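I have placed the structure first, in the form of structure tokens, so that the comments after it can refer back to it.
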Amino acid sequence: MTSTISGADGVMGTKESARLLGEDPVAWRRELHRHPEPGFGEFRTACLIHDFLQERGFHVRIAEEAMSRSAIHYLDEARVAESAGRAVLSGVDERLVERMKAGGTAVVADIGPVSGPVVAFRFDMDGLPIEESESAEHLPFVEGFGSQYSGLMHACGHDGHVAMGLGLAAELARAKDGLNAGVRLIFQPAEEGTMGGAEAIVARGLVDDVRYMICCHLGLGLPTGAIVCRSNFLATSKYRVDFHGIEAHVTNDPQSGRSALLAAAAAALGLHGIAPHSEGWFSLNVGTLRAGEAVGITPARATAEFGFWAETSRVHDYLEGRAREVIVGSAKTWGVDVEQRLIGRAPASLQSETLAAIVAECASRTSGVTEVRESAAVKGGEDGNVFLKNVANRGGHGVYIGIGSDLKGNHHTANFDIDERSLRIGVGVLCDTCLQLQQTLGESLKQ
Amino acid sequence: MTSTISGADGVMGTKESARLLGEDPVAWRRELHRHPEPGFGEFRTACLIHDFLQERGFHVRIAEEAMSRSAIHYLDEARVAESAGRAVLSGVDERLVERMKAGGTAVVADIGPVSGPVVAFRFDMDGLPIEESESAEHLPFVEGFGSQYSGLMHACGHDGHVAMGLGLAAELARAKDGLNAGVRLIFQPAEEGTMGGAEAIVARGLVDDVRYMICCHLGLGLPTGAIVCRSNFLATSKYRVDFHGIEAHVTNDPQSGRSALLAAAAAALGLHGIAPHSEGWFSLNVGTLRAGEAVGITPARATAEFGFWAETSRVHDYLEGRAREVIVGSAKTWGVDVEQRLIGRAPASLQSETLAAIVAECASRTSGVTEVRESAAVKGGEDGNVFLKNVANRGGHGVYIGIGSDLKGNHHTANFDIDERSLRIGVGVLCDTCLQLQQTLGESLKQ
Amino acid sequence: MTSTISGADGVMGTKESARLLGEDPVAWRRELHRHPEPGFGEFRTACLIHDFLQERGFHVRIAEEAMSRSAIHYLDEARVAESAGRAVLSGVDERLVERMKAGGTAVVADIGPVSGPVVAFRFDMDGLPIEESESAEHLPFVEGFGSQYSGLMHACGHDGHVAMGLGLAAELARAKDGLNAGVRLIFQPAEEGTMGGAEAIVARGLVDDVRYMICCHLGLGLPTGAIVCRSNFLATSKYRVDFHGIEAHVTNDPQSGRSALLAAAAAALGLHGIAPHSEGWFSLNVGTLRAGEAVGITPARATAEFGFWAETSRVHDYLEGRAREVIVGSAKTWGVDVEQRLIGRAPASLQSETLAAIVAECASRTSGVTEVRESAAVKGGEDGNVFLKNVANRGGHGVYIGIGSDLKGNHHTANFDIDERSLRIGVGVLCDTCLQLQQTLGESLKQ
Amino acid sequence: MTSTISGADGVMGTKESARLLGEDPVAWRRELHRHPEPGFGEFRTACLIHDFLQERGFHVRIAEEAMSRSAIHYLDEARVAESAGRAVLSGVDERLVERMKAGGTAVVADIGPVSGPVVAFRFDMDGLPIEESESAEHLPFVEGFGSQYSGLMHACGHDGHVAMGLGLAAELARAKDGLNAGVRLIFQPAEEGTMGGAEAIVARGLVDDVRYMICCHLGLGLPTGAIVCRSNFLATSKYRVDFHGIEAHVTNDPQSGRSALLAAAAAALGLHGIAPHSEGWFSLNVGTLRAGEAVGITPARATAEFGFWAETSRVHDYLEGRAREVIVGSAKTWGVDVEQRLIGRAPASLQSETLAAIVAECASRTSGVTEVRESAAVKGGEDGNVFLKNVANRGGHGVYIGIGSDLKGNHHTANFDIDERSLRIGVGVLCDTCLQLQQTLGESLKQ
């Protein structure tokens, strides 16, 4: 059995933790699983990564060096502050936390040749606002590495992604001197909700020099041993809409009231009635609605959140245009004002068949891989697409690799759990591919 | 039993008819009941009135002399043309019909002193698009004076109003030489739907010199013998709304379609959701909706008609403002264009307590009157309010008299029928009041 | 200037407070104003009343003796518990609080002859969830008797009602030996929201023997000095509706989701679209809506609260029937389950012209009264109507008296403030009327 | 130039026409193009086919022998009667028309061995309610073979389908004596709208013995010369919904009204809001809505038509279930009754890869064919799927062949026109495939 850092929860400094855990991805995954953190609140996770990479000779950027906060779409201040407090209590370096509170929780680390184009890998770090299962069927609970934080859980496998990233880092540290091209490891905050974690790193210029970009995800419905070279996610945007009506006594002065609640209700029905698009499938959902304070008062405030996921950029943009009409029109109908604010966004997949072919070849030789598929569709949005699109737009190559893992429970549910055997397979695929790519890149640079 | 003009339907000229019918209001009412005509299509009715009044020495204006067509809100061209054809076939003077086709069907006739302010009476002439009952309980059918025109019926008593107007005219003709002030009889088209029949007469300046104005209506829930001096009708407007969307194949190209049907549906629901007003009661109704042509095509056209009726002008205006927002907002929501067009309007009642007191006094002395009420609310709109408002705004006095009549069947139903005894009572009240008013007016002019 | 209990907030026992405050209604009003309590949470208020009345020889019932908790429509457990804790901290008798936590906060006290029909007065005790103004224009703040409790305020004058009740009590205590008939003072909880405070007292049988019943309210748009003998409130009901849909991932499995949010939205629009009623005016409002938790999940839960206020019982019942159809139909439309729960209710006014005449006569002789009106309409619901209806149904007489008070700020706003001069006028009217009624009743009993 | 039957429109009997036109598919196509007939009203078309086939030795079934009227989903009685009258005036055999008026317009004709399984071909005969273009760009107008019937047009190429069917028939007549298995030509009415034309023929048992079934369509976005062996159409259903509310005067008695218009509006919005399905794309459209008669009356009747088209049967059935909930729920919401009636239906494609391979092989050898594709998706429903599904369910093989044709104007538009060169290519593919299949079938029967 793999041990986790036990005793007083994390009161040990993270440097000690890092040493204690060694380089076993399973141990790391369990340590991370115990401490899920919300999007943009990954302070403890980022500190662990920072310490691990710095110790192994990486050039590590954090906070304002690793991301540009102004590119963030949305951030829950309260949750982030709470997470920072929790991280400090858990024993991580308070100065690092202070820097990250100001500049963000991204960690971007380079190794190998310092100039010229690089090979980059993206790993996401955030957990989800889900209460983890305490069922006797749920391994993390049974084995004692369930979430220590109420209402937070690594229910999408990002703990495993970080663990694989550290596994790749350890391997690169060992191979450092023989690297022909630079390798960059990007640990991004806030993938869930696509709230701008990727955009913020891109905005700092950290993919400008990326020739090959690899994102990856565990699970996705693939069995342990299966590898998909190109996982096609949907384009997505999420919005918050605030309707501002006019409060009034509903018996003394109903005519002066303008109900934000009714405007939001009409908008919700209208958004769900947007006509289909012949180019591809989509799903739109008004997920939350909060309106009004009292039965006898015209509700003057309503807030709704909605998102949409589309097979193509054209369908995405069509939805965005129609949604705006619905929202503005519904507000007008009910005589209220409205503000619409982007809180999440990721483009459709833009991937490289060339790079996918390299991945396929590498993966087919990796130990533990039993099946390699060229591509697969995934019904969800992914912030990784932000990296892939930017790299492609500058002439680089990117793919989003799916790493099979027999799951217990679906993604984003309280019983979600990965098959830990998939972690070593993933590390293997990433290392094999990385070594191949830096070599290819190094050779091309010589010419 | 009272005879009606029999034999070949109206092939006899109207002048002969007029002579044959004498001055019995019941005979006239039955003659008119047999020939209901639609709003702005009262050709035969107007010709009968014209001939009757001209023969008795009235100064009679018709067509463009009696009304200004440009002030009309709405007119059903096809129905009017059909009615004109029917009138000509029924034997009325074709030249009169031609003039009225160009200028309108109003008849306005003066008697008495030609200068100075006048006393005016309004009578409405139009029938309704209702198929008259052929029940054994329905007197007009049993007695053979049911509607001769399929789909048209005097189902609101306007036949009786005209008959009373002619009864008043006959009396005035006899009293002509003793009149101290001018008396004007206004026979207006198209009261139903308040489509602008009154506005058109007002726009011709024909109430500019009116000091006392009296409108009247039979029935209104009052028993035979009862008189209400001020009947308070509701303010009302009616609109037609045309939504113009974009047609598209719903499987090949649904994203290009913009459904006018859905815009109209949203507007209908939105209009019915307008908040109440503390100042008074109202009712709003979307009465008709026509949209789309085929199941497989995004419906690009939709037409709806709606109206509202309100206790006060302020409530009316509030509704008008909110309705516009709903319509524009719904069109915007569904990405379609929209046109909104007024098709009917009448203001709230603006009546004179002074005049009501005079009416009360006269009516209490009139034969057959058993009860006089100062005022009563009527849940409906009335074009007569257009006259009353204009007279009041120029410092004159107006009232809307309710003349009780035990009804068989409600207003606007196939079994509607008045108690014919109420006709003579009505003529009595109008004559008594008229003689009193012209005397009062005449005296005030001398001072 | 009138003093309030100062120093440590209420740490003085309430018996001492009661003594200190004497019998000045203004002093009492200010003391109560400082300590507003929520509906069914009027622990401190009830203890003060209890002590005041007991000391003056009333037979006082509280808790389960004064009300039947099972007749309550709705109660906010958390707010009530919080209020109980606050009351204990403020120094009131803990045993009384414990009894009232179990049985309710009503106080019903009798004085005079113990058998036979009685004269009853109702006073309401609850404050509102409003943050009181700290404006320099706001007298309670300036004079230091503003609310001590954040988020709670006597913004409807119930502090003044209780103060008038104590003023009447003091007078009755003095007149005790001469009373010809029993007099009952009912201090009811939770008038606001009509959540069943009155029903609970009625259900305990405490109006079964009431011959004359008087409710009263300060303000209501009347100037200081004016008295309205019959204030006609609207019939009202309030409901909470819970929609239970089915949660689903909106990209992986949207077809399995059933959106409670959309059901609630459709219901809200539908409720606002209920057709008018010819018998009278009404207003309906969906005041709150809470639905969904995440953008990417079909929202499975939605909760809405709505209320309606109608001029007549028939209109009220029509709305109730139609509302049920709208709610059930909307749930069906969106494939979700629904529960609808009554949280507030009061009938239309049912008042006695006979009693109103007595009140008018008494009031016209009361010092400070400048104007007496027979009746007035009030656009709001009133729990007092529950008492009046029950008394009327048993052959008794009831009225709801409006006691004019020049207000600063409207009812239910942060700047609401009564004119304290109206308190003594009110006490005067109530005393004069009470003495007259017990005499009338006493005489009738002798016969 | 190809001649059409000229002179007095069709006064010549159809037998003479048939003789005059010979066997040129272009001549037939033009003759048919001039006389488009509505669904279930293909009297003239069916008579021409009947005469042509009978003359060539086919065993021809028509009317009740060819179809079972009770299996029809929907039929427009007025249009069918009008079409029958027009057909008789055009000179076709009145006795045939009478039989078809009673039994339907299907024509099913057999040739070759009379027992054992058969090879079957389906051709559809109906035109569309579209006014044909008279543009100088529109060949049928320019060349004088545009529609002779106002408001009707062959705008989907069914004229070409019938012409190809006759071309195949002529070839089969020549090859008759050498046929090893029976061949059946099915000319079906009312393909457009999938109103049950196919179901009615299936219900008569006429595909029970079909081993190979071929449907075909010109155009479908394919260029002249291209052949698609399996065209995958969408599953579809169309419904008519009648809402029955309660009529009421909207000012006198609005509370008694129940608006069918609002129920239909809510249903329309609700239907368009049905959530997506992860298994496949769909489109739903409320295409028509008619409600109400007058502005002042609660609209008691509303009729809407809607359809949906889905990629899979599961998605189709999901929509059908949800639609029913929306309709029933919306009716309940607005307090009205509702009837929902199926007016069109066709299943998803169920085709044979085996047969497609045979078609591919034959087509690749056919003169004029430049490209053969295995399969293609078509965004539309097709009544041919009814035949294919029934044949597949009995163990037979079916395909739906797409026959490329460079189109002028889209399907179902006024400028639609096929490339007539595609007719001979189509006849070639059908003949080649038919001869191959009867031989294959004949051989299999011998074993």
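So that you can tell them apart, the chains are marked A, B, C and D in the order they are listed, and the count of residues begins at 1 in each.
The working rule: contacts are C-beta pairs under 8 Å (C-beta built on N, C-alpha and C of every residue); 3 or more make two chains touch, one makes a residue touch a chain.
As the structure is a computational prediction, the values presented were derived from the model and not from experiment.
Set against the C-alpha centre of chain B, every other chain centre is closer than that of A.
The interface with the greater number of C-beta contacts, when B-C is set against B-D, is B-D. Chain B and chain D have Cα centroids lying 53 Å from one another.
The distance from the centre of chain A to the centre of chain B, with each centre set as the mean of the Cα atoms, comes to 70 Å.
Chain contacts: chain B has residues 250-252, 254, 259, 262, 266, 269-270, 272-273, 275-276, 278, 283, 298, 379 touching two or more partner chains.
Residue ranges of chain D in contact with chain C, taken from their complex: 250-255, 257, 259, 262, 266-267, 270, 273, 275-279, 298, 315, 318, 322, 325-326, 328-335.
Per the touch definition, chain C reaches chain B in the complex via residues 269-270, 272-273, 275-276, 278, 280-283, 379. Partner chain C is touched in their complex by these residues of chain A: 193, 234, 238, 249-252, 254, 259, 261-262, 264-266, 268-269, 272, 283-299, 302, 305-307, 309, 344, 379-380, 410, 412.
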